[in-house]
Structures are given as structure tokens and as C-alpha cells.
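Please go over the structures that come below.
Presented sequentially are two complexes of subunit A, the first with subunit B as partner and the second with subunit C.
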Partner chain A sequence: MPADTARRSKRISQESHAQRWRGIGWGFLVKLALMALVNAFGLAVIVSAIGTESWIILGVSIVLLAAADIIYFTRRALPLKYLYPGLVFLLAFQVFTLGYTGYVAFTNYGTGHAGSMQQAVDAALIQSERRVENSPSYPLTVVERGGELGFAIVDDGTLRVGGPDDGLADAGSASGFGAPTEVPGWTLVPKGTLLTDPELQQRVAELRVPISDDPNDGSLRTRDGSSAAVYRSNLVWDEQAQTITDVDTGLVYEADHSRGLFVAPDGSRLLTGWIVGVGFDNYVRAFTDPALAGPLLQVTGWTFAFAVLTVFTSFALGLFLAIVYNDPRVRARRVLRTLFILPYAFPAFMSALLFRGMFNAEFGIVNDLFFFGADINWLGDPWLARFAVLWVNLWLSFPYWFLVCLGALQSLPGETIEAATIDGAGRWRRFRSIMLPLLLVSTAPLAISSFAFNFNNFTIIYMLTNGGPAFDANTARLGATDLLISAIYKISGVAGGTADYGLASALSIIVFIVIGAVSALAFRQTRKLEEIQ
Partner chain B sequence: MRTKLLGLGAVAAASALVLAGCTSTTGDDPGTGSEAELVIWTDAEREEAITAAAAKFTEETGAKVTLVQKNFEDLRADFIAQVPTGEGPDITVGAHDWLGALVTAGVVDTIDLGDNASNFEAVALEAMTYDGQLYALPYSLETIALIQNADLVGTEAPSSWDDMIARGQAAGTERPFVINTNGETGDGYTMYGFQTSFGAPVFVQDESGSYTSEVGMGGAAGEAFAQWLAANGSAGTGILSTTIDYDTNNELFNSGKAPYTIQGPWAISAFPDVNVVVNPIPSAGGQEASPFVGVQGFYLSSQSKSKLLAQEFLVNYLGTEEAQRALYEADPRIPAWSTLAEEVSSDPIIAGFVASSQSGVPMPSIPEMGSVWDFWNAAESQIISGADPVSTWNTMIENLTAALAG
Partner chain C sequence: MSTVSATRDPRQKARRIRWVLEVGWKYPLALAVVFFSAFPLVYVLSAALNPRGSLSASTGLFSAVALDNFVRLGGTSYWMWVGNTLLIGAITAVGAVVMGAAAAYAFSRFRFRGRRTSLTALLIVQMFPQTVAFIAVFLMLLALGEVVPVLGINSKIALICVYLGGALGANTFLMYGFMNTVPVEIDESAKIDGASHAQIFWQLIFPLVRPVLAVVGLLAFISAFGDFILAKIILTSEDNWTLAVGMYQWVSNQLASRWGLFAAGAVVASIPVLVLFMTLQRYVVGGLVSGAVKG
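Now for the complex of A and B:
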């Protein structure tokens, strides 16, 4: 390379487009507008993160926004200008999801453990506060004195008023039967103000005015701001001791921070718990709980078998048909090829639903047409159901391999095969030693991703068999055709059972590790294939 | 360097402009609290009816009501997930059997209907009550009933299972009776009327009518029901079959291939060709057949920032005959409002479902119910397709009891 050309190319590579900027061009304006949008969006996120006190989101969005401005307004980071958007999406949609799943896997998040400890205390107090039997509804006016809120009610023609500390006291007779309109010593809070001021509303909803000196008599409380009734709670929360005491039975529920529950010495516990970290408990359970470990092992075995067999059978069929229909002696090849791709054009879940009907033992077309009306219970027998799932997935995915192999076949070097033919290699020998290795170079990576996809092929299982038929012991609600992913779905309880998100997340992490490891190994193997070329 | 500074200045100015544009459209700063707002989650069917009540509410109180439309199936999980984070709504539409899960998660507040309570059907209030506390404003009931083809078997209700099968066989159709088993999955919900007629409730009820977590399906009564399933399953008479799913069931009934089926009001529109008569479910085991009654209503969030406002809206605006009528017209289900239920019973089909609901029991709303379905459905499905009834049923009871304890 001549010296001056080298120097020039070096100079160009050092020069960023910011430096080459000569006045305001269209490109710069577009960039400015885009960056203004990005900054506006980022600032809006930051402002609302401060508003909702989400500090993690705040930190992340500040870093991301600062990085965006630095990258697009300095000349140093040219490659990053292209990589940055992708990296942000990777972070937001993949790393975050994975990290959050990992976090949940170490908690007891699920039914009964959905919020913080404070919320569990709130819930216990809400659930224990009952309207005292036969307590009438009193017409109520919310009143205020020197910043202190109180209730004024009319009780049998008597005006009674008081705040949370001193309790209700008589304040003379009331005129009429409605809510008090005049309370000596207090200012009335109009209902309109009350209902449109969230902060005031919060205070009034939490206000309890004792009706007598004995706390067991209960206290006045309002639910709607215009009427009051006497309520009484049998639970008392002691923040110092972290205990909730039932004043009726004398039971003391202590906070158990390792399980996220309030437990009494006699073993009884309050309904609502909170989220706590449980370490590796979820992982330990998945492997040792007899109700889970056995069925999960079977499910894991079938998941591998399903993924491997699906890829293998559909690849083999697709390749076979591709070779046959690539032969120039076949007439109407184009029409036939198009027909073969039809299953590929169907939505997978629709096909699975249709096949569910077709495999029906009594009304299904499969038994009627191909088995002379025999009552073969395809989806009710574990092995037949597994076979049916594989069959449907073969039908769904062979067109993909047909297309891929057809393309790959047409790009094979004709002269190599010709040379082999001249050398006297037979049809099978040419296929095994030349065509297949060359084909695998381009199709093996696709086979690996297809394996990963089928490992998590939720749709076909959910729509075709829903995991059934259930294992005979039926201990973990799982069935013979459940894949790990559908098992996780059932365990997570999203569909309506009791949820255990912690366990489901722990299982997802295990699945992630398995797929990652298998894919990494397989890609390493395919690199060896490439050496053939 | 100069160009860089210029660039930064320009971007700052442009950002400010864009930001100003955004904020002016989104309205006031939420921090000042000058305007009260209620957020309500609803599904598409009920959105319109709630809008009407909300408009009146806004007019009279000045408070804004925002409706967020979601899929009904997503509401429970989303509510449990979002209320603790402070992102949830003030009020959501929901079914009564979610109640146990919502209470356990600590996301619902109690409500006080006061004197208004007497306007509602007792079973609706009972369903929305958990441990003696009312948690939702009910508005509709639903249940399943025996649906028969009047042209084939007349309008008279069969007196028992055997009577029904005999009449069905006399009608000369392909099958005397069809019932959905949801394919291989099993359908304990639809089968429950027959199960209760053997005296085997899913959970034992205490003297006040509340469900305990003690499984009631075991013992001799449960075994008798299991044997009945087997005797009518594929190894027996074949009347019950795992080949029937919802659509097949409706198709067989609508085409006149079966004169009887058990279905809910939601399936009536699938029977355009049939002269439909609705009756209570006949008894198979000698006792009264009690199907599950489901109730729909409005829940109040325990973390709502506007509790007074939400309570006011629920009790004094949605809890009125006018709003309940609007809800019925938007999405016709049996009303929980007593006078309205009476009024719509002039329709014989609705009257049939009302009659069936009167012998029904509320579906258990305790959180344990969530664990029951999978075990229960699978065991029924296995017995119908020929598994040994007593041992399969008892294994199911054992596993279920173990799962509930753990």
C-alpha cells in the first residue's frame, strides 16, 4: 500500500463525523431532534421515578441517559453509536428479566406472600376490624380543630363530637336528624373538600374515635365520609416487639422473618404473609420434595426426548422431501413445493387445536378414516399422547426444514458432486460423504436454535394435550406430555391455582442454564463441521 | 469543542421544548392533589355500564373516574401483583372465588353496605363474605343447570338421574345425555351437582356455612360417587366419556343427538336449533344436587389512596338499582339485586337458572380451592376412562390433603 494512501485512510478513520461537520446540515438536525426526544423521554422517566421513589429505575435511567448523550455528542465512541440502542434493548428486555427472575427464585413470592411486611400488618388489621353487631349508622360530619381531625355525629338527638385522643363527648342537643351542621369549637370540613383531597381522605379513613374509655367498646369509623359506625378490632400491632396480639384469645403472633409469616406459639398463623428471601430453598425443593422431584425428573426426560426427536424427525423428513423435489425430473415442482409449505403458513396453536379434535377417540377423523372407527384413545394414553404430540409437531415443522434444505441444496457446489460421481461414488456415498456434511455446515446452527425453541415449545403442549394424561400418582398436577415450560406454568399458578412464583422462577433458571449449556456445546461441535469447507 | 458545546446547548433547548409539549398535554402536576381520581379495572363487557355510573358520580362529586380495560382472565393475577407495588387500581371487577387468594395476599379491603345489604340476594352476599367480613359489592350470579330439548323429552324435569337416562333412551337419540369432561382434562365443576347428590362436598362447611379447609370428598360418600363415575364411564354404560369437550357437547345437543345436557347460561346462544327448557340438575345419589354458584362483584383495593371516595362510589353509585340494571343490560347474567332478579325471571330460561341457583352452593372461595382443581379434574377423568374408581379417588384425596397441608 502506498504511503500517502495509508496516511489518508488513517486520518479519515480518526476523523469523526462531528469533526467533519460544516454548519447545520439536515443530518445534524435529524440527530438533534432524535436526541431531544430521547432526552425528553429519559427526563420524563427520571421525574416519574423520583415521584414514585423507585430508586433503582432512577439510577439506571440516569446512567443510560448520560451514556446516550456522551456517546452521541463525543467523537470517541464511534462503534458504540451503532451498538448502543441494541445494548439498551438487551439490558431492558433480557438482562433485566433474567436478573429479576433470578431474584424471585430466591424469595417465597407466591400465594400469601405478595407484598411487604407493613402491608401484611395492614391486611391483618383490616381483616380483623369488624362492625360491632347492631351498631347503627350515625349521620356524620368530619370536623377540624387546630390541625386535628375529629368526628361529629348525631346520636338520638344528641350532638357528640371528639378526636382520636380524647374520644367522643356530648356537645349539646342537635337540631334535626341529619349530619351536624354546626359544632361549637370545631370547624366543619365540607364533604366536597374531603372527597377531592386524597391526603385528607387518607387521614379520615384512618381516623378512629373511641366511643368510651374502655377500648373494648370499639371506636367510630367512617367508610364514606358521611356516615359513621362503631367498629372493633381484635388484633393489636406492636411495632417495637414485632408482634400482633389477639386481645380476644390472648394469642401472640410473632413475626417469623425467615418464612415471612406471623406465627403463634400454638402453630396457628395469620393469613397474610410477606415476601422474604429464602436462599436456595426453592432449588432444594425442586430436587428433594418427593411430590415434585419424581414428576419433574420424568418431565425433564420427556422434554429432552421431545426436543431432540422433533428436530431429528422434522429435519430428516424435510431433507428427504427437499432432495426428492429438487430433482429436475419431477414435474410441476413449483406447485408441489408450494403445497408442502402450507402447514408452515398455519398458526401453530390453531393447528394444535384442530389436531386435538382430530385425535378425539370417538369423534376424531384420525380414528374414523385411518383406523376404521376403532376407539383408540390417542390423547388418553401416555405413550400414544407423546406420539401424537411428536406427530403434530412433525407436521408443523417439516416445511421449515424443507425450505431450508431446498435452499442449501441449491447452493451446493455442483462440481464437487460431479467429481465424486466421476470417481465412481454411488448415490448413498455421495449423500453421506459430501452432501450431508456440506448441508450441515449451514443447517446445524438452525437445528440448535430449533432445539432450544422446541425445548420451550409451550404452545403445542398447552393447546394439544395440556400436559395430559396426568401421571397416575398425580402428585404434582403434572402429566405425561408436560414439558418443563408447561410444568413451570402449572406450578406458577398463573392459570388459577395457588401460585408459587419463587419455585417457578427457580425452575426457569434451571431451564435457562440447561438450554444455554446445550447450545454452547452444540455450537462448539458445529465449528468443527465448518473446518470441512 | 465549540461545535460540541453548541450541540449540547441545542439538545438541551430542544429537550426542554419537547418536555414542555409533553407536560402541557398530561395536565396538572399530580403532587398538588387538587383533583381526586378513582382508577377502576374492568373487562370489556362491563366497561360501558360502569361508565354510566361513573359519569353520574363525576357530575355529582367532581371526582374523576378512569376505567382501565383488561382481560377478565388477567385481572386476578395482575391485581395481586400490582396492588402491593402501589400501581394497582382502587376498584376491580372480579369473581367471588378469587376472594381467598385476594385476602391471603392482603390486597382487598372490607366494605360496609349498611342498610343497602338487604337489597341483595343472600347467596351473593354470602359468597362475597370471608371469615365474617364482606369484601365486595356483588352484582351477578351464575350457575349451571339441566338443559333439555323440549321437542324430544318434553318440558317436565326428570325426577332423578335414572329417570333422566330412561327418558333420554326412550327419546331414541344417539345418546341419552351429554356432559362436558373437557376432553382428558376433566371437569369437576360441571360434574359437581351429581357429586353433591352423593353427599360429598369438596370442602366441609362449618355451622355458619363458611367453608373449612377440611376436604369433604373422602369416605364412603366420595367412594360411592367415584363408583358411579366408573359405572357410567367408558368401562360401564359409556354415558360419561372423556371424548366430550365444550364444543362437542354443545354440538351434540344442538343437533338433537342428545336430549339432555348440563350447561351454564353462557351456552344458550350455542343452541339456536333447540327448543330449550331449563330445570334444576337431577339427583344421582339420592340427595339434592347442588351445583356451584359463582358471583361477580367489585373489589376495593387495600392500598387505595382514596378509600372514602371508592367506598362512596361502590355503595352509593354502583349499589343502586339503576346501576345494577345498567350492568345487567350490558352483560346479561342473573342479577344479585333481588328485585331485578325477580323481574328478569319472567324469562323462563333465566327462571330455570335462578331455580337451579337456589339449590346451589357458593363455590368455595378459600385459597385452598385453587389447589383442588387439577387433582380433582384429573382423578375424575382417569376414573371415567376406566381407572379403578375407589383407589384412584382415595389417592387423589390423600395427595390433595398432603398438598393442602404443605
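Now for the complex of A and C:
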């Protein structure tokens, strides 16, 4: 690293004589140090990516590192010097994830389909491994290298050693026929340690070291840590024919490349599959699968209703209060204003949790104090739960609209309203025909972005009702207050359980389209406003 | 005004009625609104002070007052979560400010090919909320973690990086607009005096646009503070949780028993936010408004 940076600094100083003449300066040293760090990190990632064969990450990190060096060590590309850091994060964690969501939406990625075909074959073979009858057992020593465990055995006077990833390899001739006592490149794990450390025992018991590159050869496993036996799968993989044969039952599973599965003629299939493109299947499924389409339609309807109603109610209340308390004759307006906006300053997720407790049917203070101890099941009844969600969100967001409308009201042209008053317009007329249109000019874009925000308001739903009450207590995971985003969260399985990344991503894409359309509307609105100004 | 003797005076009476109709009714209404907005907060304070600490025991307001719950917070991972939240929020805020300001500086001060296009592209990308792409974020971090463990699942750094991914789009326009109001002549005179572009950015522009930096930083901090979905997915071990993830865990499973802890935790966590918000509300709302209008 130091040599690298030194070389670079030399190049720079050659490029810019003027700079060198004035001395290098602190800024340049800081830049050099930062770039050294960036290069060190980048190179570490590149080396590691080669090690784990992650080709996409390797390619991306090479491009990013090269771009960083070029951008910061030339005299040109001045704007890019300022854009680059933000762009890297934007591209990696937003643009890429958007694109990747689009890709996953057209695949069957999920539980049982999580890797390449080769990985699926390996997994299937491993899962059905049994100890080979009457197979020899080898004297074994458990070894360790850089935190990774491996096996060392003596086979016909040859020392063979390896870990779970690479498999066994010859490591010279062995002295004696007992368990290996010296393994070059590896550290021996003492028997005593093995016997006293249950976690280590567990790892050793789960360890399997392939005998060769061919998964059909089987692997070594151990039960006691002192002798190893050959385990072989009762499945046999035939790469040419693309079939897996079950030796015990004689069933032949054929690779179905359109579904990413191994299927037998009798319709049974192996649990492990691989990722394949499935076209619009996920979308078709979302709209036609009876177990999904119905609930999803309801969820979609509620998502729109929630977003519209919550914006409308809080906007209306906020505007009303702003008009009422914009009156200079009301005293203590500053105090009132501070008290009104308290809920807005209380963190939203805590509000949702707080109301979850307050709406509790049995112990909640809402029933206890306002309904004389009645047993109203606020969060257990579909309509009451929807009402509760809207109520909480009204509580949370009316202060925002109150503040916004107050600001907008104060910038209204007073003369126009005065003129209307003189012309004999009543209070309602003045509001309806002058104030509201003028207010909407500045607040409509805010309402649209608030709609977009509430369309995806995961936190409040998840914290308050978790989407419940469920449509169908037995099967569907979705419920009456689920928004599309919380439905996607449940279907995706990122929190555990059966995962269906493909279907969930397809739904995400639908949400993106809705949000994109709404935002485009907002964008055009903004444009129009700017033209007016 | 009307204390002398004029209660019988019909004009005085009419005036009084007019006052009630136009102004007077606003006070009882204000009382109702204050009750509506403050009641839950009063309740959470009461529950936090209730030593019995369960939901069922917390229904009477201030029926018992003790600091037991606050003391018991020390026996939980609460303070660790506070630390995590502050750390993640602070780094995210600083990163968002620096990256956004740099990008805004580039857009505001340099005229380069593709400038308009990239501004528009940024605006379009910004329209798509990052949280909806959480599956891709999750899968990407799984893959990334194989190569660089510090950027994998269950890493605070990874979460910060994900937040920073959304930083450019959301904030650049806000700062861009503000920087455009700083006269270019200032830069030019500095340039004549021999300042480099980096000196102009760090020593001239940065201090001049401080108000908007504060707003952006605060907004970034608050959104990191309040985020649940990404934090929940990325931070899997209890040591790494943020307040949102940790406190949800308290209340979701053991609503009845952990209620006092939750209430105490909520009071502790919200007081600094409340104070900060109340002092800066003018700027925050201004920031929200201009930010949203631009997006």
C-alpha cells in the first residue's frame, strides 16, 4: 500500500507543477490518506471476492475502485470529485436494489430455489447421504486452518487432508498407520479440546469433507472425532443426462429447466431446486391464485383507502385548526401551537406501540377510561382495527398539516381576501373560492408526497396491528389492515419461514409503478408551479 | 374592558355574543384538541412512573409514582440500543450531509455535460422508496456478507450504507436550492485570491449553508431513528438492535408484562427528540415543505 500511494503522489506532483511550487498542503495529504484507505479497502474486497468466487461483486468493486482512482488523481472530472461518494452509495444501495428487485420478480427465488443448479444437486446429494455399508473407517485427526475445520486421514500410507469446501487432497506420505500427528499447513485440534467443547463437537459432527470433486463419490464424516467413514448419497447425479437417480427406489428425477426442479415421472420431486426465470408467472399467480388473489385485492383496496383517507383526514383537521387559530384575537397562540404539535415530535414507531397498548381490549386505557370498562376489541375486529389505524395516524400527522397550513395561510395575499369581504363574500365563500385554491397551490404537492409515504407506511401497520386481524385464521397470513408493503414483508419471508422472494418482488414492482405514477404527477405539478412563479 | 357597569347595555351584550361566536368558542375547542394530542403522552408518562409496570396496572393515571421502571431499564439492553441508534443516526446524518452537500455543490457551481440529465435522473430515482426494495437489499447483503463480512447481514455499517444509499436523492435538491442562493461572486473572488475548489467548498460554502445542513442532518437522523423495516431485516442479533427493533420486541410478545419498561424507554428516548424538535421546528417544517415541493 505505501509504495502504491507513494508512486501515485509522485505522479500527481509531476502533473501539477504549480501545486508543488506552493507546497503540497494539508488538504492534499488528507486526500492522499483517504485514497490510501479507499484503495486498501477496495483491494481487500477484490481479493476476497476472488476467494469466494463472487464475480459480480468482483467486477463492480474493480470498476468502482478504478473510477475512484481516476477521478481523484486527474485534474479533470471536477464535478465527479464531488458527486462520486454519493453516487457510489446511490448506485449500490438504491439503483442496484431497484434493478435487482426487477430481476428477482421474474424468477422463482425463494425457499427451495436459492442457488445455481449445481448447488441444488450438491444439496440434494448431501441431504440424502448415508453411511456406506461395510465401508472402511479411517483413523482421523480433526485439523484447523484460519478458523476453518478440516479432516486429516491416513489412507494406505498416504496422508490426505482437506476442508468442507475443497475436499480431500494428498499431503505427502504418512508415518505410521494411526491417526495423523503432523499435518503441514494445518493445526491439529487436540482431542482434549474436542471432548470438552460441545460447540466444537457439534461443528465436527456436522462437518463433511468431500472425497473428490465428483459429488457421487461421497464424503467423509465422523461421529466420535477419531475415525472417519465414507458417507454416500443414495442419489446419483448424471451430468450428461441431467438426471438424479434414487438408487434405493429406482426413481429417476429429471431436471425441469422451466421450473428449476427435479421431477420424477410419477410427479414427485426433490425438495431442492434452483433459480430460473419464470417470466410473468409471479404476476399471474398474484392475480389468479385463489389463495392469494382475493386477499391481495382486499389489501390493495385498503392500501389505497388508507393512504387517501389518512391524508384527507389529517389535512382537513390540520387546515381547520390552522384557520381557527390563525386568529390574532385568540390569546396564548404560541402555547397552543406547541401543545398541538406534540404528537408530531413523538417518534412515530413509539406512538404506534403506545396506541397498541392503549387500544388493548382487555387492559387498554381507551376501553377503561372512555368506554367505562367495556370490552371493545379494537384491534381484533376488521373495521374497528381499520378505524384505529386511521385514528392513530390522524393523531400522528395532523400537527404536520397544522404547521404547513399555518405557514401557507400567513403567506396568503391579505388584500385579495379583504377585497372579497368588501364585495360581500361570506366566510364560507371566501374559504371555498379564494383561500382553499390558493392554499392548494402550495400544499397539493405535499399531499401527494404524503400519499406516497403513507402508501408504504410499514411501521405504523406492523407496530399497531401487524396487519391483523387475519382474513382467515387458518391459512392466509394477510389481514384486514395489511398494506401492500406489509403484505410483501410477510410473503417475502425475510423474517423467517417459507420465503418467496420472487412473488414478493413482483408485488414490490407493482408498488413501485403506483408510487412512480403518483410521484410523476407530483413532479409535473411542481413544474407547473415553477412556471407560474 | 366592560367591567364598569355596562352589563345591561344591549350593545355591550351584543358585543359579548359576537365575541363568543367569533373567538370565545375557540378556547373550549383548543382544550379538546390539547386533550386529544396530549393525552397519550400524559398516559405514557403515567405508565412509565407506575412501579407495577404491567399494562393492566397502568390504567389509572398517576395512581402510583416511582422511578422503578427507569431503574429497571438498566437491567435490559435498552442503553445498548440507545447507543446503537445514536451511532447509526449520527453517522448517517453526517454522511448524508457531506455527500449531499458535495453533490449539491457540484450541481450548483459547475456546468458540465449531462448536468440537467443527472439532476432529472436523481429526481426520478428519488421517487422510488428504498424501503420497498427491502428484499433486494436483504439478498444483496447476504451476498455481500460472503465477501466482506462487515457489509453483511447483522452489521451496523451495512445498515448505515443502506441509509446513505437513499441520502443523495432525498437531500441534494434541498441543498442545491439553498446553495444557488449563495452568490457565485463569493467563489470567484476566492478563486482570484488563489483558493482551490476544495478550499472554496469546505471553507466558504460549507459554513455559509450551515442552516440547511442542520436541517438535512436532523431529517436524516430522524428518519434513521424511526426506520423499522430495514433495521429489522438487517440487524439480527440483540446487541445490534436499534430502539425501534428492540422496543417492538418488548411490546409485541409480552404486552402485559413489559409495558412499564416500554413506557419508561419511550419517555427517555422521546424527551431529547421532543426538545430538539421544538427548538428547531421552524427549520424542520421549512425543510419538509421545501424538500417535499421539490420532490
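What we mean here is this: the second predicted complex is superposed on the first by the 326 of 533 C-alpha atoms of A that agree within 3 Å, B and C clash if a C-alpha of one lies under 4 Å from a C-alpha of the other, contacts with A are read in each partner's own complex, and residues count from 1 in each chain.
The rule we apply is simple: contacts are C-beta pairs under 8 Å (C-beta built on N, C-alpha and C of every residue); 3 or more make two chains touch, one makes a residue touch a chain.
Because the structure is a prediction, the values reported are computed rather than measured.
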{"item": "Which superposed partner A:52 touches (first subunit B, second subunit C, both, neither)", "value": "both"}
{"item": "Subunit B versus subunit C as contact partner of A:362, first or second or both or neither", "value": "both"}
{"item": "First, second, both or neither for A:115, with subunit B first and subunit C second", "value": "first"}
{"item": "Contacts of A:395 with subunit B and subunit C, given as first, second, both or neither", "value": "second"}
{"item": "Touched partner set for A:523, first subunit B, second subunit C, both or neither", "value": "second"}
{"item": "First (subunit B), second (subunit C), both or neither touched by A:377", "value": "first"}
{"item": "Subunit B versus subunit C as contact partner of A:349, first or second or both or neither", "value": "second"}
{"item": "Which partner reaches more residues of subunit A (counting touched residues only), subunit B or subunit C", "value": "C"}
{"item": "Which superposed partner A:284 touches (first subunit B, second subunit C, both, neither)", "value": "neither"}
{"item": "Interface residues of subunit A shared between complexes with subunit B and subunit C", "value": "44, 52, 356, 360, 362-363, 466, 494"}
{"item": "List of subunit B residues in touch with subunit A within their complex", "value": "3-4, 7-8, 10-12, 14-15, 17-19, 22, 30-31, 33-36, 61-63, 76-77, 80-81, 83-84, 86, 101, 103-107, 109-112, 114-115, 131-133, 183-185, 241-243, 248, 302-303, 305-309, 311-312, 315-316, 367-368, 370-371, 373-375, 378-379, 381-382, 385, 387, 395-396, 399, 402-403, 406"}
{"item": "Of all residues in subunit C, those that touch subunit A in their complex", "value": "22-23, 26-27, 29-30, 33-34, 36-38, 40-41, 43-44, 47, 54-56, 58-59, 98-100, 102-103, 105-107, 110, 112, 115, 118, 122-123, 125, 127-140, 143-144, 146-148, 161-162, 164-169, 172, 196-199, 201, 225-229, 232-233, 244, 247-248, 251-252, 255-256, 259, 262-263, 266, 269-270, 273-274, 277-278, 281, 285-286, 288-289, 292-295"}
{"item": "Subunit B partner contacts - residues on subunit A that touch it in the complex", "value": "18, 21, 28, 32-33, 35-37, 39-40, 43-44, 51-52, 69, 73-74, 111-112, 114-116, 119-120, 122-124, 126-127, 129-131, 137, 192, 194-199, 201-202, 204-205, 222-227, 229, 271-272, 291, 356, 360-363, 377, 379-380, 465-466, 468-470, 472-475, 477, 479, 490, 493-494, 496-499"}
{"item": "Touching residues (chain side subunit A, partner subunit C) in the complex", "value": "27, 44-45, 48-49, 52, 54, 56-57, 78-83, 85-87, 89-90, 92-98, 100-101, 104, 109, 321, 324-325, 327, 329-330, 336, 338-351, 353-358, 360, 362-365, 368-369, 395, 398-400, 403-404, 407, 442, 445-446, 449-450, 452, 456, 458-459, 462-463, 466, 485, 488-489, 492, 494-495, 501, 504-505, 508, 511-512, 515-516, 519-520, 522-523, 526, 529"}
